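Given below, in the form of structure tokens, are the structures.
Okay, so chain A shows up in both of these, paired with chain B first and chain C after.
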Partner chain A sequence: MAEKNNLAMICIAILGVVTVAFGLADILVSAGGDGTGLSILEIPGDMFRGGWGGLIVLFAGLFYLSGCKNVAEVHNASKVAMGSVLIWIMAGTDIFAMITESIPGGEDGPWFNSLSGFLGTYAPPYTPAMFLLPFSLVVVYYILKQERTKSTTPP
Partner chain B sequence: MNFKVATLVIVSILALSLTIAADAHMPGAKPLPDFELTPIVINDGETEVEITIEDVGKYHGDICVCGSCAFRATQSGISQIWGDEIPARDDIRIISRLPTPGSKDCFQYITGTGQGLETNTKGEYKMILPDGTVVANMTKKNLKKPSKQVSIDYFKFDICRISTGESFEVAVKEQVFPDGYFELRKKVKFGIPENATSEEKALFKSDWENIRDRFLTSPDWQLFDGVEEPEEENDVAGGAIFFSILVIASFLLVSLMYSKRSKE
Partner chain C sequence: MKLSPDERWNLIDSIANQVVTYGKYRHTLKDAIGELTVKPMAGIPIAIAVLYGFWSVFGSFAGTLCTDGFFVKLFDGYWLPWLQEVFPGKGSWLYSILIDAGGMTNGEFILSNNCFEAFGVLTSGLFVAIGVVLPAIVIFYLMLTLLEDIGYMPRLAVLIDTVLHKIGLHGYAIVPTILSLGCNVPAVTATRILETRKQRFIMMTLLAIFIPCGAQLGIMEEVIPELIGYVLLYLVIGYFIFGFVLNKIVPGKSPEILIDVPPYQKPMIANVRRKLWMRVSSFFKVAVPFVLLGCIIVNVLYLVGFIQWLGDILAPVFVGWFGVPKETAGPLVAAFLRKDLAVAQLSVIEMTQYQMLSAVVLISIYFPCVATFAMMLKEGWKELIGSVAVLAVVVFLYGGIIHLIGKLIGVA
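What follows is the complex of A and B.
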């Protein structure tokens, strides 16, 4: 059990460090004023999504780091869950923006997008929060599973 | 007497070297940037000919601003009118407003109308200034006078398909040239309205290099008016994969919620 907890701690700590790095990158890039993109990763450069959003991602990372030590303990588990919720907010808004963007045909185009245009909207690059989304789901799944085990185990 | 002759010879050589320097396009200009320009492919009678910017540079003596501009303009005009077809040299007519030796040599090389060029067929090349003046005598000496007036309005070229009468005007975008470039050019090259200072000469040299590099490296739509920016191809496969993941994930989430509710 202790070994399993250690492994969870390491995984959440790594996730926390990566999240903090993404948050800082978001803030620094938007401070520079210009968005930047690697092949599949796009760091937004505007003040709202990049600056404010970066701050949220940064705090998600800090929550992960402060809660990773003993996830079995309810306070730490809630911090990690909080971090995940912050990631979901950011990734959720990004995905929602993607969906709304994919339907209309563009400024000078027709009302509705073509099939290739529609699917092309979902193509990379993606924001850092979207990359963190699957990992944040795994973390919450782990916490919920642990809580369930606790509640079913007789004292 | 011998001393006088020797002095005269030395002075003549020096004067000649100065003339060469003044004639050269930009003495001390930095080397050409890394660039990749596809050659202009034309049919010269029965043979297919590839004309590269290096060929044009060799014919003219250097790859300069006007030469590279003329090359890119011809390339752009041909692709607008002929599309993927290979034009016949004798089907090409170029009408240029630009009275500079660099552009003249480039157009003459492409149309095969220049001196010392041996081609099977010849296209047409005309120089008509923006005020309508037809320049028939295209010697360097004769071009010097109209060349003083050169401004953005002169950087326009009509590329025509003689057989069909189709024509496309290639006009260089204003933003290709820095602000005040043409006034500076007048000052540095012709001393109008007064001789340029050494700072102005240095600025002109750097502007000249930047413009030349722009003509060698920028895409057509950034250089010429009326050329549309090519649309980025959608990564349909990548988008389809992500969209499928989204749909599957949403389906799983909904079914998980329903199954839990039904258990309760």
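What follows is the complex of A and C.
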């Protein structure tokens, strides 16, 4: 059990460091004014998604780092879970923005987008939060599983 | 049958043993997350993220999907040209009021290209009400209802309590403040949750001056998306500065409160649907008639030359003190009827970006729309007169300060 917790701690700490790095990158890039892209990764340059959003990604990373030590303890687990919730807010709004862009056919086009245009909206590059999304889901799955085990174990 | 004290206690014990289940309390993950959201160190970043999510979904749904995606195309591409074509009497009073106020070039009547410029009741009026305001209001109230039903709003109230005490209010003032971002009218009623007359007066005055309604936000999102952040920043700063001043000068008490924080829970779809319907329908009953009536009155005022005359009279104040073109006098008059219409009118006036920013802030802090005005009157005429007096001072001072800031940073 202790070994499993140590492994979880290392994984969450790594995720925390990467998330903090992404958050800082978001803030620095948006402070520069222009967005930047590295093949499938896109860091937005506007103050809303890059600045404000970057700050949230940074907070998410700090939540992960502050809760990674002894994640079996409920208060630390709640910090890690909250880090994941912040990532979901960021990635969820990015995905929602993609959905709303993909449906209409554009200013001079038809009412609805063509199939290729619709699918093309979902192609990379993606924002950092979208890359962090699957990892945040795994973390929450682990925490919930642990919580379920605790609730079924007699005190 | 008379029982002795010992027999009574035995009876109580036996009943309690049958109906009470004893267990060991365990601090769950849900409890820990609930606590985390009210602690400032963790709660403030979470509140920042929730607000980000709120505005991102608001902009994507109302702006990108509904208004830009479909309604602009529907109204500008089909509805406006069709009405311009079939309605008789181009250039007449009735045509200008109902369809298109247009413009005159070399004695020839020129039709408008889009519903923002047409300013007819059946074109701009319907476009603003249905194409811009409806999606903005629906998504705003949906998000607000979800936050309420999940149990986040009381936590936000706890979190912001200390800050709001600095301006004479308490945590629950966040309810009328956020409601006001949807529509000022129900927000004025919601000020009744505050205990004292002083608190209600401060809240009513601040929301009438510094909180833009959902309709106005929807139009801002459409007309000046790049400036909306700066507009809101000016308004938030003004909210706290003038709140602080009002707290110092308005006599009365600002008592403490105890807030009951419920556990987080899954929202019930039926409740969400009912609340959403209630809020959206009441907004439409109160606000839409004012949008349409606003179009008529503003068009008539333009046609009789009143707005031109007012613009000429107020030109020294507008140009010299506020640093905006004198043409903004028209939208400012229109703002009394509907602030959203006024922002739409600003979009067709030629000015620099900073002048646009100043003008939109001025419209936001200018007189509350007539529906809010009527609601404030219902709450008490003394409060209304007080609010209007504060408002006049705030508009003059804050408008001048914004111009001064622009001059200092070299953009005005």
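Throughout what follows, the second predicted complex is superposed on the first by the 154 of 155 C-alpha atoms of A that agree within 3 Å, B and C clash if a C-alpha of one lies under 4 Å from a C-alpha of the other, contacts with A are read in each partner's own complex, and residues count from 1 in each chain.
Assume contacts are C-beta pairs under 8 Å (C-beta built on N, C-alpha and C of every residue); 3 or more make two chains touch, one makes a residue touch a chain.
None of these values were measured; they are calculated from a predicted model.
After superposition onto chain A, partners chain B and chain C are found to sit side by side with no clash. By the document's definition of touching, of the two partners only chain C reaches A:F96; chain B does not. By the document's definition of touching, of the two partners only chain B reaches A:L119; chain C does not. Of the two partner chains placed by superposition, only chain C is touched by A:E107; chain B is not.
Taking the C-alpha centre of chain A as the vertex, the lines to the centres of chain B and chain C open to an angle of 90 degrees, rounded to the nearest 10.
For chain A, the partner with contacts to more residues, out of chain B and chain C, is C.
Distance between chain B and chain C in the overlay is 11 Å (nearest C-alpha pair, rounded to whole angstrom). Common to the chain B and chain C contact sets on chain A is no residue at all. Here chain B touches chain A in the complex through residues 234-240, 242-243, 246, going by the rule given at the top. Contact residues of chain A toward chain B in the complex are 95, 116-124, 126. Across the interface of their complex, chain A is touched by residues 24, 26-29, 31-33, 35-37, 42, 45-46, 48-50, 52-53, 55-57, 60-61, 64-65, 68-70, 72-73, 229 of chain C. Residues 47-49, 52-53, 55-56, 59, 62-63, 74-75, 77-79, 81-82, 85-86, 89-90, 92-93, 96-97, 99-101, 103-104, 107, 111, 143-144, 147, 150-151, 155 of chain A are the ones that touch chain C when the two sit in their complex.
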